[in-house]
Amino acid sequence: MSTLEVRNLVKEFKVRDGLRRSTLRAVNDVSFTLSAGRTVAVVGESGSGKSTVARMIAQLETPTSGEILLDDAAIGRRGRALADYRHQVQMVFQDPFASLNPYHSVEHHLARPLKLHGVARGKDVLPAVYGLLERVNLTPAPVFAEKRPHEMSGGQRQRIAIARALAPGARFLVADEPVSMLDVSIRLGVLNLLARLQREENLGVLYITHDLATARHFSDEIVVMYRGDVVEQGPSDEVILDPQHDYTKTLLAAAPEPSRHGRLRDEVRAELAAG
Amino acid sequence: MTDTRTRTAPSSVPPSAPPTAPATTSKPPRRGLRGRLAGQGKLVVGLGIVIAIVLFAIVGPFFTQDPRDSDNAAMLPPQPGHWLGTTSLGYDVLAQLAEGARGSLMVGVVAGLLAIVLSLLFGVVAGYTRGIADEGLSLITNVMLVIPGLPLMIVVSSYLEVRSLFVVALILGATAWPGSAVILRLQARSLRKRDYVSAAKVSGERTPRILMVEILPNLLPILTAQFLFAVILAILGEAGLSYLGLGPNGSITWGTMLNEAQGGGALTRGAWWWFIPPGLMIALLGCALSLINFSIDEVIDPKLRSAPAAAKSVRKARRAGLDVTVHDDGAPVRSGTDAQKEAVRR
Amino acid sequence: MTATTTAGPLSSAAHAEHVARLTPVLTAHDVSIEYEVDPPVRAVQGVSLTLHRGEILGLAGESGCGKSTLAYGLNRLLKDPAVLRSGEVTFHDADGTDTDVVALDGDALRAFRWDKVSMVFQGAMNSLNPVLSVRAQLEDVLTTHRPGLSRTERGERCAELLEMVGVDPVRLDSFAHELSGGMRQRVMIAMAMALEPQVMIMDEPTTALDVVVQRDILREIMRLRERFDFAVVFITHDLPLLLEIADRIAVMRAGEIVELDTAEQLYAAAQHEYTQTLLSSFPSLLGDFSYDDGEGAGR
Amino acid sequence: AACGGGADDPETTDTSESQSTEGGEGVATDRELVIWAGSQTPITANFNPYAVGVLHLANGGIYETLFAYNKAADTEPISMLGTGFEWNEDGTELTVTIREGVTWNDGEPFTTDDVVYSFTNDAAQPAYLAGAEAVDDTTVVLSFDTPQYTNEFALLGSTYMVPEHVFSANEDAEDAEAELTGIVAWPNAEAPVGTGPYLVDSTSDAAYTAVANPEYWGGEPQVSNLRYIGIDSNQSAEDLLATGQIDWATMFVPEPDRLVDAGLGYLNTQVDPTVLYTCADADMGCSGEQTDVAVRQALSVAIDRGAINEKAFVGLAKEISPTFALLGRDDKWIADGMPAAIEQSADAAQAGEILEAAGYEKDADGFYGKDGETVELTLTSVDGWTDYNNAAKLIEEQAAEAGIKVVASTVSWNEFADSRTSGEFELIMGGVVGTSTADPYQIYRDWFTSGYTTEVGTPLEPGFWNFSRYSNEEVDAAVAEASATNDDAVKADAYATVQEHIVNDVPYIPLLVNASQTFYNQNDYTGWPTEEDLYLFPPAWQGPSSGVILGNLAGTE
Amino acid sequence: MRFYARRIGFYALTLWIAVTLNFLLPRLLPGDPYTILLAKLQRNGDVSPAIQNTLRLLLGADEDTGLWEQYTTYLGNLLRGDLGISVTQFPTPVTDLIGGALPWTLGLVGTATVLSFVLGVGLGAWAGWRRGTWVDSIIPSTTLLQSLPYFWVALLFIFVFSVTLQWFPIIGAYDVFTFDGPEWSWAFVGSVLYHAFLPALTIVISSVGAWLLGMRNMMVATLSEDYITTAEAKGLSRRRIFSTYAVRNAAIPSVNGFGIALAFVVAGSLVTEQVFSYPGLGKLMIEAVRNNDYALMQGVFLMITLAVLAALFIMDLVHGLIDPRARHSD
């Protein structure tokens, strides 16, 4: 079974504040393993380093130290090796409005990776594009292939982005908050699509989110990050139902929960009544 | 009540209509040219003038006499055969104007192109790369930005012994780029961080292709605007240099025409037909290019169009009594209920 | 076509009972708002709503359903190209006078704003003027509406306000860019509290914030509400959140309020289909969940 | 009073007195006379006649020469500080009589010592002057090693008399900034001491003013106040003239009628020829088809001078004599058989005949060539000299009609200066400095003799004007002969030889004589040189004549 | 503080580059000042041998020093304020000429630019505030003003207002027919203002459009910002919203652009000064160019660069005052 493993990943950014330069450790010693057919969720508040981890895995950033291993082999960072890696590991970005180039059609967005990775050539490209569109439930495919990003809704765009990530035939998908920019009513649809693809195609998915509920339900394992550190990691239900670390507990306490309606109001009233 | 008719269209718009993409990156839907130009008065006027001038430059010389033919009487006022009169040497002003249009446009376009190429180099490359390259290029840009252009041009051209049209255009272009470079750099910087650039990288695209295919198209409106701006500046710059006697030698441009008109005492001799047209042509072309820039600005920042348009439509609606609120900014004050009743009646 | 075709929102008997005990502070009747674009957008259509003294009324609905437009309409803040096509908005002051908000103009309108109804906007990040210090912006409100206050009184009031929302008063001299997102939002809330208004409209005041920070701020709002007893219209698309804080919830869709009920009732027995869909879009953190990859949520 | 100056009339009587020309009807006036003599702003106070930046008033208005020569007409020199002069037999001694009773404006008397000093100080002494000596209180003798008849004007008409007691004290002046020493470094800005009709009053960077010298030897000038202003463009000056804000200016105005209609007096004096320099002598290293005399001759007849004058020079220039004698003034020097004025209209046919006779043939494009090589000449003019640029364009057109390909182009002043001194050019539109007296000698010597040129590639030395590299032994000999005599007949013979050659060889293709337009306020002032009484060359910038004119002016009311 | 340190570093560097450019330009091209000067003098007739000699001594002797040595000498001279000698105004030092011209340029260009800025920003703010009204329709016509060649406008003005109507003077910075140089009197000050009017008007007319447009666009953009809505919701008066909330924010880019724009205006004013014979740097420079007076030309160029840098520096300080964000990092 193939795995994508990160080991002791560290990322430091040089930040310049006027003349003084300092380093900011955005990711500090993060390790976890992603296996085919499984989903790992990374949760944590804003700025905790989630995206940085994702970008390092997608090779958009170079780790300061630490290793990324694909099938137990250190990954290549340039040339053929990089292309091979990209072939296997793809990414879906947070903002579907920003991750599609407004100047290009859907077809362009999907055809390019197909061609780049030699998945389809010449006459086969268009059918392959249609195939991808159908896989992400965008039918009729020829209609969607013609469209430009601004002619589609957010959910549809995010589906295109997912299709693009699937185009090279990737086995691992890094999804950085794939639904946080979408309207509540369509979030689940996109997540369900991801879950289905993961099941059907035996994908390994790194699901980055700050929504604990979906993290729990859509992943097998949860990694909780806090200021660059992993503070807790384990099977989803265990982390959510039996949090160990204080930070995880705070996070859980802060998450809104429909079933606990009126809770905050009552808490405050109780507090005020008490003191 | 013409506007009521337009509102009979079904107005139950799906509220969940997709929000439009951020303005800088959106592209108008592909409609016919006519459709796209509708409501773009400034663009239409601007393009119209520019096209007219370009046509004048291209075809004009075939219909006018040789601009260097001195066989006419000197200083003729406008008359049939010499619609804009003649110069002190007996040259036909209209013919010179047409030939000058070629010269000036050529200076403008060459300088504009050079400025754009340089600003792309200094702006986009600096914006897209990081570290030393960026620092270095930006520094050069900033320094060039600060060093005053015309004086530099004057100094450089005064050292040149032969100034062809082309050389003058090159000088103008070489001093006109820093402003655009700064803008392009900022833009490229922000584009570099766009997710679709990252996405293209993850897809395995190479840097040159990313620059050309993903980034450049998004810079097009700005590039066009900067180009047009550089053209205006170059044409004005050429005129200024020519006035100082540092213009291109041996060619006819609107600038050299003005210089000759000035040297020939056109104004004091009452030969307005010699002095006024070249200046007006420059202003007209500049104005037209600015008008086009206006529309480009509105593409880049749709607020520029939508906000005034919104204000206009609301005033229209108010005049039609479609607003029940009371306004203190000049709109007719009417009681809420009256307006409301009227609205309901409709 | 008239603006009164809508049948009014669904609500339960429990709701009617709940409402009967309360006194209204702001009533809106048949409010229709249209964006005068081509083609015109009917963002709010014949909405009637009553806000009661001291209550938190949640306004939920998906993006673009007209929540913000309605909120702006209630406070006469509609910006071009929005036009209030019809509707009555009446403010019932604590001193017993009623104000026809729609008929207000000029100075009267300005005097009404903030003093009676204040507002916290969607993006607090951008609600603060970047070139004015926090103090200047707080004092702006006081000098405009409470011209009688002396300089020192104003200063004291500003400090007091910041303390109230849990921000160190030394921050008075800071500028927006020097504050974190949470702080800015708190400053905005402090500003909204400055005149102790009877109604506060909050348009997604916490969406841009981290859950932990969000929770703190909500707690702050609740606490202040208990203390000053103002009514709150709380707009968000985060239904679970709303369920936790709101007394009543109005669900909006396509410019209309489709359901209006108490939070308990809405959670327990939502009547409108749309409300149910909305509720099911939020998997429970602690409960179970079943996958559904049908086309239902495909938009 | 008649002027001497001829060797055949050694004992000269008093020359014409400047006062004699003073109009009788003039009255004294306080009205400030505003003059533009070509100064540009900023004006820097400098009244040292030896300095480069000397202001116009100094030359004539403050410092005077011994005599005033008339460049514009063949009249006798006017007696200024000198009352008479005499050449010895062989032209190696010049005896000058000095006016008595003249004082410097600081009260010191003007003496023969001052005269000697003015000729012999470091800044002034010409190389050919062997010595100067005061013989008695009123007589100075200048001595030379060779005959110097031809330098009479330089000595008597353009050497300014300066006070020894002031200037000798400043001989070590130092201009630290300019790293300059000697008398030329001294700006003489504070109350300059001269004998002239005016005293400096004030100087600013925009203007300087002068008041009448009450002690002037010729009597206190009638016009008591002068203001010289700096103006930076002809256009401004013309506008100021038109609006009556300046009273005297010499400048190019394309339509003088407008100003004349406005009541201004107007004199157009044409003295300086405009020509095409041709690098003429292949033996001197010149290259290009213009080295063939036939090409030069053909080009010369192909030019429509009338059209050029009409269009490029707005009809203000004057016809030129191919002999370079100034028509009107120097008529007596034009040899018999020489055409007076050059043909004004073009004769394309004749040009063709000349070329065909010399073996040129027309090519397919209608241009003449030889051995398959089309004649192509580049005609340059200085960028921005509009009249020249325009004339060059017209010549290009006219030559083309005669089948001669001329390409007009403009060059920077530097390049122009460079190529004409180095000889690396084909055709240049340029000026010839006219002579200052009624005698073409100076032009013949400076522009046509081989002593005043060098091989192509070697820059001409300053003072060498033979840009065309014309060298003709017979011309050289004839000019030498003319220089050694004061006998008009001998001179005329020599000139005939010169003229015969230069008319045929056309090393400079004559075009016309350039205009110099002087405008003056005749409503408020009288005493100006006029068409009828052209007693001196009228330009405001010309020293010392402008000083003499100033001394002559008076108010009308 | 660090912000300013960086800026100062930048200025120093720019200055150095300008200075070096100035040094290199003339050396890249041949040109012997002696011949040039002499030829210039000879154009006006006789040059006495004495003057020729002195000139040769002064200018002709070109020591064979290395480029680097020349460069250090040049820098040293610069530091001592020695910019060489003007050929046109021989032998006046360039510094004296610049010293005489600088105040005029500063006065004229400075006033005109500030006027144009204030006018443009003011009108632009108003036009932005009144967006969507008839004001919008006059905005495009300002582009016409912007595209008029400066000198063309200036020449027309002189022709119409000074020559034909005789309302304004034709030349100078003050009445050169009355005053013997600058003096401190009301009459003189009045004369200076009177003489500055037309040139300043030309500059203002040709440059106001750019400010107006820029400001108007920024206003339109700013007015849709949330903080404006907030201010409205706060019940602030329209005046206060306009001034403290809208204009102050919208003007920031204009203020930032001021320094850069100044460079443009200075360039344009060069020509204007020439047309009006205004005794400023621009005219000096053009005279220098026309007379191949390289020392003067370079001196003026350097001076203009310095002036622009100084203006930029002042704008940086102002920017720090009006935009608190600038005070922290860059």
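In this document, chain identifiers A, B, C, D and E correspond to the written order of the chains, with residue numbering beginning at 1 in each.
The definition used in the following text is that a residue touches a chain if its C-beta (ideal position, glycine included) is under 8 Å from a C-beta of that chain, and two chains touch if they have at least 3 such contacts.
Bear in mind the structure is a predicted one, so any value in this text is a computation, not a measurement.
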Path length in steps (a step moves to a chain that is touched) from chain A to chain C: 1
Shared chain contacts [chain D and chain E, defined touch]: B
Fewest hops from chain C to chain E - one hop per pair of touching chains: 1
Pair with more cross-chain C-beta pairs in contact, given B-E and A-B: B-E
Chain at maximum distance from chain A, centres defined as averaged CA atoms: D
For chain B paired with chain C, centre-to-centre distance based on mean C-alpha positions, whole Å: 45
Between chain B and chain D, centroid-to-centroid distance (C-alpha), Å: 53
Euclidean distance of C-alpha centroids - chain A vs chain E, Å: 55
Chain centre separation in whole Å, for chain D relative to chain A (CA means): 90
Multi-chain contact residues (two or more partners), chain A: 153, 183
Multi-chain contact residues (two or more partners), chain C: 62-63, 79-80, 109, 299
Multi-chain contact sites of chain D, meaning residues that touch two or more partners: 235, 239, 242, 384, 414
Of all residues in chain C, those that touch chain E in their complex: 75, 77, 79-80, 109-115, 118-119, 121-123, 126-133, 140-141, 144-145, 175, 177-178, 188, 191
Residue numbers on chain D that touch chain B, as the complex places them: 235, 238-239, 242, 253-255, 258, 307, 310-312, 314, 383-384, 386, 390, 393-394, 397, 408-412, 414-415
Partner chain E, residues of chain B touching it in the complex: 42, 45, 139, 142-143, 145-152, 154-156, 158-159, 179, 232, 236, 239-240, 243-246, 255, 258, 262, 267-268, 275, 279, 282-287, 289-291, 294, 297, 301, 303-304, 307-312, 314-315
Contact footprint of chain D on chain E as seen in their complex: 31, 35-39, 41-42, 44-52, 54-55, 58, 82, 85, 88-93, 96-97, 100-101, 155, 158, 162-163, 166, 170-174, 176-177, 179-182, 274-275, 277, 279, 283-284, 287, 290, 292
Complex contacts: residues of chain D adjacent to chain E: 32, 34, 40-42, 44, 50-53, 121-127, 154, 158, 175, 177-180, 182-185, 201-207, 209, 227, 229-233, 235-236, 239-240, 242-243, 245, 384, 413-414, 417-418, 421, 433, 459, 462-463, 541
